[in-house]
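What follows is a pair of complexes built around chain A, which joins chain B in one and chain C in the other.
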Partner chain A sequence: MKILVAVKQVAALDEDFSIRDDGRGVDPDFLIRDLNEWDDFSLEEAVKIKEAATEPVEVVVVSVGSDEVDESLRKCLAKGADRAIRVWDSAIEGSDSIAVARVLAATVQREAPDMLFAGVQSSDQSFASTGIATAGFLGWPHAAVVSNLTLAAGTKSAVFRRELEGGLLHEVEIQCPAVLTIQLGINTPRYASLRSIKQASAKPIEVLSLADIALGAADVGEAGSLSRVRRMYVPDMGRAQLIEGSAAQQAARLAEIIREFKGAAA
Partner chain B sequence: MSRTDAVTRILFEAFTAAEVRLFYLLGYAAIAVFLYGAYVQIRKYRRGAALKLEGSIPARLGAMFSSVLSHRTIDRRDPAAGGAHRLIFYGFLLLFAGTATITLEYDILEPLFGIRFWHGEFYLVFSLVLDVAGVALIAGLMFMMYRRGWMHLPKLDYARPDRVPGDPDFNRPQYRREDWAFLWILVIIACTGYVLEAARLVWLHARADIWDTRWWSPVGALLAQGMRAMGLGADGAGLLRHGLWWFHGLIALVLIALIPYTKVKHIFTAAASLMVRDPLAAQRLPRVPESQEQAGAAKITDFNWKQLLNLDACTKCGRCHEACPARAVGAPLSPRDVILSLREFAHATLESGAIPAAAELDIHGKAPGQVAMETLWSCRTCMACVEICPVAVEHVPIIVQMRRKLVEEGAMDPLLTKTLQTIHKTGNSFGESKRKRGAWSKGLPFPVKDARKEPVDVLWFVGDYASFEPRNQKVSQVFASLLQEAGVDFGILYDGESNAGNDVRRVGEEGLYEVLATANVNALSGANFKSVVTTDPHSFNTIRNEYPDFGGKYEIEHYTTLAKRLFAEGRLKVTNPLKYRVTFHDPCHLGRFNKGYDAPRELLALLGCELIEMGRCKANSFCCGAGGGRIWVPDPVGAEKPAQNRMKEAAAIAGLEVYVVSCPKDLTMFEDALKTTGNEGKFVVKELIELIREAIPARSTEELPA
Partner chain C sequence: MSGILVIAEQRRGELRPVSLELLAAAQGLRRAGDEVAVAILAESPDIFVGSLRLAGADEIVTIKTGAREFDPDTFESAIGALIAQRSPDVVLVAHSVDSFGYAAALAARHGWGFATDVFIAQRIDGELVATRGGYGQKVSVEVDFPGRSTVVLAIRGNVFKPPEQPAEPRITVFDAPAVQSRAVGRNFIELSAGDDVDMTAAEFILTIGRGIGEEAKVPQFRELADAVGATLGCSRPIADAGWLPKSRQVGQSGKTASACKLYVAMGVSGAIQHLAGMKHVSTIVAVNTDAEASIFSVAKYGIVGDIFEIAEELRRLF
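Right after this comes the complex of A and B.
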């Protein structure tokens, strides 16, 4: 059995960032790169299936990006992925989630896995569309926001649960191959020690070009995208506000603000 | 020949040849059993990993003999036990030497070379010495029996904090039985020796050379007088002597035979352990060789031979148990029990002919002999156990090596996982941007030099807490202004500095430590400076003791010694003597780790403070609980924290005004504990730096940071 896990190296803002000259993104000097948080969970889910299996299961991580991404891929290898694939071509620069999904779908066709896992969304762009769009290109069954999964190696279907509004749980059976986007909290991702990351550098990272996956420059980048970022900016917003009312009201409002801020940060 | 010349030790007199042969046979058997046992033990140690010791063997022997003969390490914090052990040790040593010299003459020198010395005055003096030695031995043993039976010392209670009553290895009653058996066997040997001596005197009282010189064996002579007064005749005494001779001889042979199989082996293992002692055991943790497949200790055979020897050196004296801050607050850790568990494990697995399969050598877990992860994570690597151990057991590297394996498996508190990831990502434990590391200096009225860009005399390695934690940032600003006013040419590395890694290494994340140490060594080698100073004892320790292994050898000092020098040179002057009644908390990494006990105390005296020491101070200082990465993991809710335990100790000092610390983590831990123990308002927690500032008011208040 083979499980492909699509991962993304995301960017987080450093202190005192500034917007790029073209106004459409943040100056890369102020970005801290790391593996997307959701992808920790989807990779862990795949590795858990591998570890529980009696038959051989291959876990392959795939990412679209420049060689900066290798650091995150090595972390995935350290956590138990068998192989890593990175697809890159300068033409891919500027792709939206749909164009990236097209690249992923082409890679999936090359690898022919039994399952594709992706994170629900990326923490930097939050489109939550890459995984599902990949399923669209492949014509595979798909499900988003999976919070519990039962998949034994060798079986032709998987059973998963999704949390719905109102505390409802949705239990679904899906035929393999399928695309599942995995929600945070589905498992406890393991820690990749620095030593294991270092040792993982012995494992190969296969770099594919567009030609390797039978795509052309027109399929990716802005040409292959369905959307285009117009601008990125920090809205003008008053930072201070006076909370009025009784002590209890003030405390309640304060708690509310803290919850808002915590929610915004997550 | 004069009468005293003739007198000699009565050995096999009145024995048949068969009896003598039997005794020799038994003697050889005892030695054979001893040798086989010793072989099994040595084979066990050799099954551990290889280790090459540093230092010369004569120096190691010298250090060992000095510790053993002076009993210095046994006297510490328990002079009564030290004194009693000294009586037993020297008593036993002399009596053993006496017996050994008899063998030397009777079995070697006389038959081979015809040399005899065991007679006349030499014999008489020796017999007096041995009689006194016997008294010393019995007196020491009596005190030890009283101590075990009636003093109810908590450190001699074998109940384990990491087990619950009902567990098979909860309080190990077999240890108690062994302790008593050891004491009794020695008492019996010593007492029967005296009775035997007395019976011999009575038996041979007709021989003038023996009877007239009897007072050279005062205890035996006294007993002999008593026996005779009670009407014991020569024949009866001869019979008694014959029977006791065999009893005394056999029990002594049994003791010799049993040495390698019982706690008696500490005679050898403790001495050997002292000989291989590493004076920097906790200060400089071992590196993981690049070629080693797995970091840390998973199997008992992952420990090196010296560590396996350490396990056998433990005499269960309980001093580490008593000193451990985790144990003191009820955490499931006693350093003693970690050592004893592993010892039992090594005993069960490594003493038979073949080593069991790898799966049976796993030392992690909850079965008897295994060590649970909760136990390992309770350790604060404060070194209290290593420091007090009289036989040089090195607990901290053992615990950290076991943690390394847990880290590889990710078997740790999720918050710790998060912190390690944060440190990897940002180079600091606060998850702050690298760029903000020097931001605290922006509040100063003068710029702090960037040591990466211009040469400085003193490079200040600031460390995470002093850089990012708001309360400690204020202290950093004060220290910077003091340096500035004293005219010290100093600078910092700004975002070139990373977390020093001391605590990361003690967590057991060796790979991350290597990354941090290498990054800092690279940053330091890019700067031009004469010496390094830091206000953080944790950074101080690792830069001083561990960076040399990564190619970074620097002259580094803690700020307390630099400040002391600035006062001595007149560059800082006390203008406003403080009249506070203070107590001083020795940070583990400054005090125990690096023996920096004096400078802070001298500074306090200079400032005019009245220092009242806490009971646990200097080498016995009580950890604040933050070490070994525990500052990143919350302590269990409801249970007492080490810092709270310490605050209660300080609060008992009448009229205490300031609880002085000299470590950023201490400031954080104790200011919190001051509040949670309800002592807020009674006294305050302050950095020594802040007291110095108070004693040297700044030239104008505008110059001071807000």
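Right after this comes the complex of A and C.
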């Protein structure tokens, strides 16, 4: 059995970030990169299935991105992925979640896994759509926000719980191969040991071009996307009235607010 | 070619409130001559018609489905067929767990314009423009859909105010092609058993987020909450890690602070899903070291500072 896990290197903003000159993105100098939090959980879920299986299970991570994502892929190798694939071509720049999904779907066709896991959403763009769009291109069964999964290697179906609003769970049985988007809290992701980090640094990362997965430049980037960024701006935030002063003064004002509330409630 | 199609949501026999918010979002996009149709998919769609007879809907389209509850194959095929038949220029769905499960696949397969978590939908110089957030709401991103004659927008909840005026839209039945679903829903599981506290009834909540850093810090905040007379709540990572029971999690997949009047958020960034459970509270005080944290955009009072220092000073005063 083979499980493909789509992982994204996300970016958080540095304190004093600025918007790019073209007004359509953040200046990359101010981006702090890391593996998407959701992907820690989906990788762990795949590795757990592998460890519980009696037959061999291969866990392959795939990321669409330039060589700066190698760092996150190495982290995944250290946490138990058997292989790492990175797909990149400069034409992919400017892709939305749909164009990335097209690349993932083509990679799935090349790898022919039995399951594809993705995260529910990415912490930077929060599209919450890449995994399910990939299923759309593949024509595979799919489900989003999976918070509990029973999948044994070699079986033709899986049972899981979709986590709905208000914490309500919906139990569903799905035919495999399928695409599942994995929710936070489904398991407890492991930390990589120093030894495994060291071993991972020596493992190769397979780099695929668009031609390797039978796609062309028109399939990705803005041409292959279903939306286009017009403008990015810093919204006029903050109704909050700031409480200034030393910590003691700030806490004193907070205590006052609490006492006002209690006075009103009494 | 024209018109707006709204996809209403139902679950376990009840219309989900966000359905009506979508009707409100449709009004802002409506051009002269545009009709707004609202579709409801259910085993017995007629039972929802009454709640959809509201201002802003010109037509209610009922679609009978084989399964009682949402399943992606049924929704994709039925909604896909309806859109293909009518070619609306805008389709509005909720940015909800159900739509996470099908909308992207639908748009991808048909090549329709697509954007999720949209909180402003407007026309600028005649072009459809959707605004969404990025980097934990620290930036706003405007997207457009060049060359797409149908665009599907997943609209964020709790943004648009539902219409209240009744109306008499016409009712149409749409016969969706039958499909064999490959993901079959079984039952629902409610996690209420074992709740140690009712967050929905608490009037004063002190919530801790990932800013507390480690489990060993939980007891001191529990003690602080007790001292000031607050109910201790948390954001999702704290509950996921098992540091506090799930019943104390505030937000979209947790509890709504329905009765709360004073909400003190310590070390919480203010993700949309957390805000969904508390942004309505009249007095929110946020403590966060990051002055740009989006929790400050819903807070009445903000303290840019370290939660441990503030907690220690506050404890002295009670």
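The criterion applied here is as follows: the second predicted complex is superposed on the first by the 231 of 266 C-alpha atoms of A that agree within 3 Å, B and C clash if a C-alpha of one lies under 4 Å from a C-alpha of the other, contacts with A are read in each partner's own complex, and residues count from 1 in each chain.
To be clear about the criterion, a contact is a pair of C-beta atoms (placed from the backbone, for glycine too) under 8 Å apart; a residue touches a chain by one contact, two chains touch by 3 or more.
All figures in this text were calculated on a predicted structure; none of them were measured in a lab.
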Contacts of A:T107 with chain B and chain C, given as first, second, both or neither: neither
Partner chain(s) touched by A:R195 [first = chain B, second = chain C, both, neither]: first
Contacts of A:R162 with chain B and chain C, given as first, second, both or neither: second
Chain A: partner with more touched residues, chain B or chain C: C
Which of chain B and chain C A:D14 touches, first, second, both or neither: first
Which superposed partner A:L242 touches (first chain B, second chain C, both, neither): second
Touching partner for A:F261 - first (chain B), second (chain C), both, neither: second
Contacts of A:S95 with chain B and chain C, given as first, second, both or neither: neither
Touching partner for A:F137 - first (chain B), second (chain C), both, neither: second
Touching partner for A:T181 - first (chain B), second (chain C), both, neither: second
Intersection of the chain A residues that touch chain B with those that touch chain C: 15, 188
Chain A-facing residues of chain C, complex: 11, 16, 69-73, 76, 95-98, 100-109, 111-117, 129-130, 132-146, 148, 182-191, 203-204, 228-230, 236-237, 239-241, 246, 249, 252-256, 261-262, 264, 272, 283, 285-287, 290, 292, 294, 296-306, 309-310, 312-314, 316-318
Touching residues on chain B, where the partner in the complex is chain A: 288, 295, 407-410, 412, 414, 417, 420-421, 424-426, 432-436, 509-512, 514-515
Sites on chain A touched by chain B in the complex: 14-16, 32, 34, 188, 190-198
In the complex, chain A residues that touch chain C: 11-13, 15, 17, 19, 26, 96-98, 101-102, 120, 123-130, 132-133, 135-137, 141-145, 159, 161-175, 178, 181, 184-185, 188, 226-235, 237-243, 247-248, 250-255, 257-258, 261-262, 265
